[in-house]
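Each of the two complexes below includes chain A, the first together with chain B, the second together with chain C.
After this line comes the complex of A and B, so read on.
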């Protein structure tokens, strides 16, 4: 039994004008110890996937249109809110994008970490939980004398360390990190990534990393899923994806990574824009921008299927080596 | 924090000087001679002049002003023309009624307004929310003299369970306080609702949910404290306003409070009483504001750290 198994998940956001198709049939499975990176442009459905696993989608503005999210065999979508609360934080924890706004400004940082511990161990006294929180904060490199301070006294990088300490406080089986370094400047980024790498390795935590930065994924993840318009187009191990990208979209993405050794007037881009998220797409969603598009792509939707070992693809006319 | 409090108290002094100066000037410019008012229309010109000298009314304006300020610092606000009792003691005997009325109605307003606002925001656009927001609209619109009379009619005349006039103990103050609270309940409900709606969309509330906290914990521990700052502001304004005397309510329920005292003083051209009353209200307002500011600092460490 897989740790996490997402089957054909469809999620819409409800707006006054039309339903926005955020996820159009995501299928994904993770074993214990896996690390997967969800990569894609803004609006590809990365964060929606993450929030749906934790059941944190805004209830009135979103609707699950089918599919299942199985956690150790149980469908999380069918769980009561009480059962979900026991999973959140304890088994699946999440690190959010912006550390500036994801901590409560009125509560001291050690108490925010301690709260996480207490929520899942009701018998623990406040004092003991604070002591554990302190250890946790020390392990992410926060000095002991600063643990008793408020978030506004911390820099962005330190806040993200606190968020990481909090997420890992209950030793979750699965950690979802939603662009944990996007809001930080580059030098702090590498520190935070290094820290995450170490902690994940130490604890054997399974990881879902959301990013639009292929560099970050290659640092932390073994598997990469390329997402586009609410679908996964290509799923492969890191090496296979970089050595042998098969989907035209992945090809375009990799080609657009600037190479500092080559002098160029303009950077390579993919022509066109992603489809309107409200649109119902009959064929492949990448068709309008695809250079290898054939007739079949317009009328039939390609399904993610294994092309080679550990390399799945949703494309009728992929690039092939040789 | 102490230093900040001290600084804020010092800051109150120029405000009070300004208020005193404005009121003093305004009354000085109003037509009518205080000595003539005291002695009546029949009094001779000599006796009026004599009293003017005695009262210092013939002195230079600024001399009069600073004399007044000097006396005010020692608690001497002059004597009322109509009762000849010291203004300060008149105010002190009226103030407890006003304070009781204001405190009770603010308590009612907070006890109803905050829960209503929270529930309204959690169940936005639900039936409860619609009813509460429409009632809040009604509460703001209905004038006190009308709702007060209706309450008297119902609870005193028909049901005979509450006395029709206030000012004689807790029970007698329930109806006036409720009447007066209607508006504050409405204001506080609306403020709590809109503030909560804004806060529950914040990232840290989502973080709290992702930690596995239940909805109640998320609202009470994380959302509400963050939503309270604007609610406190508006409550402070309401409370300060009420301490200035709720004239209409005091008249409808015949409560001998500060508001009524002041209105009758104006009608009788009782200048020292008016001056003293306005000054008194200004002091009360400043103190409430100070309290509100200190409360901010207590609630929000970000505000507190600015004052260190």
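After this line comes the complex of A and C, so read on.
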């Protein structure tokens, strides 16, 4: 049994005008100790995937249109919110993009971490939970004398450390990190990434990393899923994806990123824009921008299937190394 | 063509201080800069280092506290309103966030026409209309979108409007303040290509402000690295990347996450955060986080920029 198994997940956001198709059939499975990066541009469905696993989608404004999310064999979509609470934080934890808004400004940081620990172990006394919180904060490099300060007294990098400490406080089996370093400066970013790398390795945590930065993914993840318009178009190990990108979108994406090791006058660009998320798409969602599009692409939707070992693809006419 | 000694803009001991309740923020702390005609000078640094403030002082959006600044040999420091209007025709700025730098109640036509209406009164209404269409063609905005409002357009198109506005009065110098940071990579690539084409076509000089090292490598002829209000290193872009000399530049470059790097080089992980620009350290600004063997001089006296190789300047006592 896989640790996490997402099958053909479809999720819409409901607006007055039309339904926004945020996820159009995501299928993904994770074993213990895996690390996967979900990569894609704004609106590709990365964050929606993460929120759906945790049951954090806004209930009035979203609807599951099909599919299942199995955590150790149990469908999370069928669980009551009370049952979900036991999973959230304890078994599956999440780090959000913006550390400035994910901490409570009115509560001291050690108390915030302790609160989280107490929530999942009701027998603990306040004193014991504070002691554990302190340990946790020390392990992410916060000095002991600063642990009873408020979030506003911390810099962005330190706040993100607190968030990491909180996420890892209950030793979760799965950690979902949504752009954890996007709001941070580069030198602080490398501090935080280094810390995450060490902690994940020590605890054997399974990781889902959401980012638009392929450089960060290649440092932390073994597997990469390229997302586009609510679908996974290519799923492969890091090495295979970078050495042999097969989907035309992955090709375009990689070519459009400036690379400090390469000299070039112009960047390759993909023409056009992603489809409107309200649109119903018959064939492949990338067709209008694709240079390798054939007739079949317009009428039939390609399904993610294994092309080579550890390399899956949703494309009828991929690039192949000849 | 870029000429060695033909400068479009120079600054000398340029200072900008902000008075706050907590004390004086030394945002730009004695900057000497000489921008060559036709080049792209990349200005990199982390948040709070003063790079945006420097860009804004240069186009006189905010007043300098003290220092000298010349454009084409003429003094442009804190000019009168009338004089500023003339200077502005020649120097423009493109802002980071195309979502908040455009008036949401103006359509594409009004937005692009606004600078013409204010500064090119000699043009007839018809000539202005034609110029708007011409500018839309230049920046690659489809003419069919002329009546669209910013919220109807994606980030890339909005940034094209920002660029069209900046180009409307035929400037020769543009400050580009993080022009692609808010955009997705595919759109980012389109805008970077556009900026390069425009530079060639209209012989523009760019001061390109960014925190993204891959972008700055791609666009720049020379790169200046800024830390806590001061330029710590400036050189040809190749020298900065192949032979970074200042320890801060070295740490900054080692922090880049290169895609699928096989020969993973050791990262220099700096300790701590950038110190506050209120009461910055008296000596070298970087001294507290520096990993070299620091001396007493580093602590007491700010190092000046010195030429360590032809055209390559760095502000550090411990190198060269």
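Definition applied: the second predicted complex is superposed on the first by the 316 of 322 C-alpha atoms of A that agree within 3 Å, B and C clash if a C-alpha of one lies under 4 Å from a C-alpha of the other, contacts with A are read in each partner's own complex, and residues count from 1 in each chain.
In this section, a contact is a pair of C-beta atoms (placed from the backbone, for glycine too) under 8 Å apart; a residue touches a chain by one contact, two chains touch by 3 or more.
No experiment lies behind these values; they were computed from the predicted model shown.
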First (chain B), second (chain C), both or neither touched by A:96: first
First, second, both or neither for A:85, with chain B first and chain C second: first
If touched residues of chain A are counted for chain B and for chain C, the larger one: C
First (chain B), second (chain C), both or neither touched by A:16: neither
Which of chain B and chain C A:153 touches, first, second, both or neither: first
Contacts on chain A seen with chain B and repeated with chain C across the two complexes: none
Chain B residues within the chain A interface of the complex: 202-204, 206-215, 217, 221-222, 225-226, 299-302, 305
Complex contacts: residues of chain A adjacent to chain B: 54, 56, 81-82, 85-90, 93-94, 96, 98, 101-107, 115-116, 119-120, 150, 152-153, 163, 166
Footprint of chain A on chain C - complex, ascending: 46-47, 154, 156, 184-186, 188-190, 192-193, 196, 211, 213-215, 217-218, 241, 251-252, 254-261, 267, 269-270, 273-274
Chain A to chain C touching residues, read off their complex: 41-42, 155, 157-158, 185-191, 193-194, 212-216, 218-219, 238-239, 242-243, 252-254, 256-261, 264-270, 273
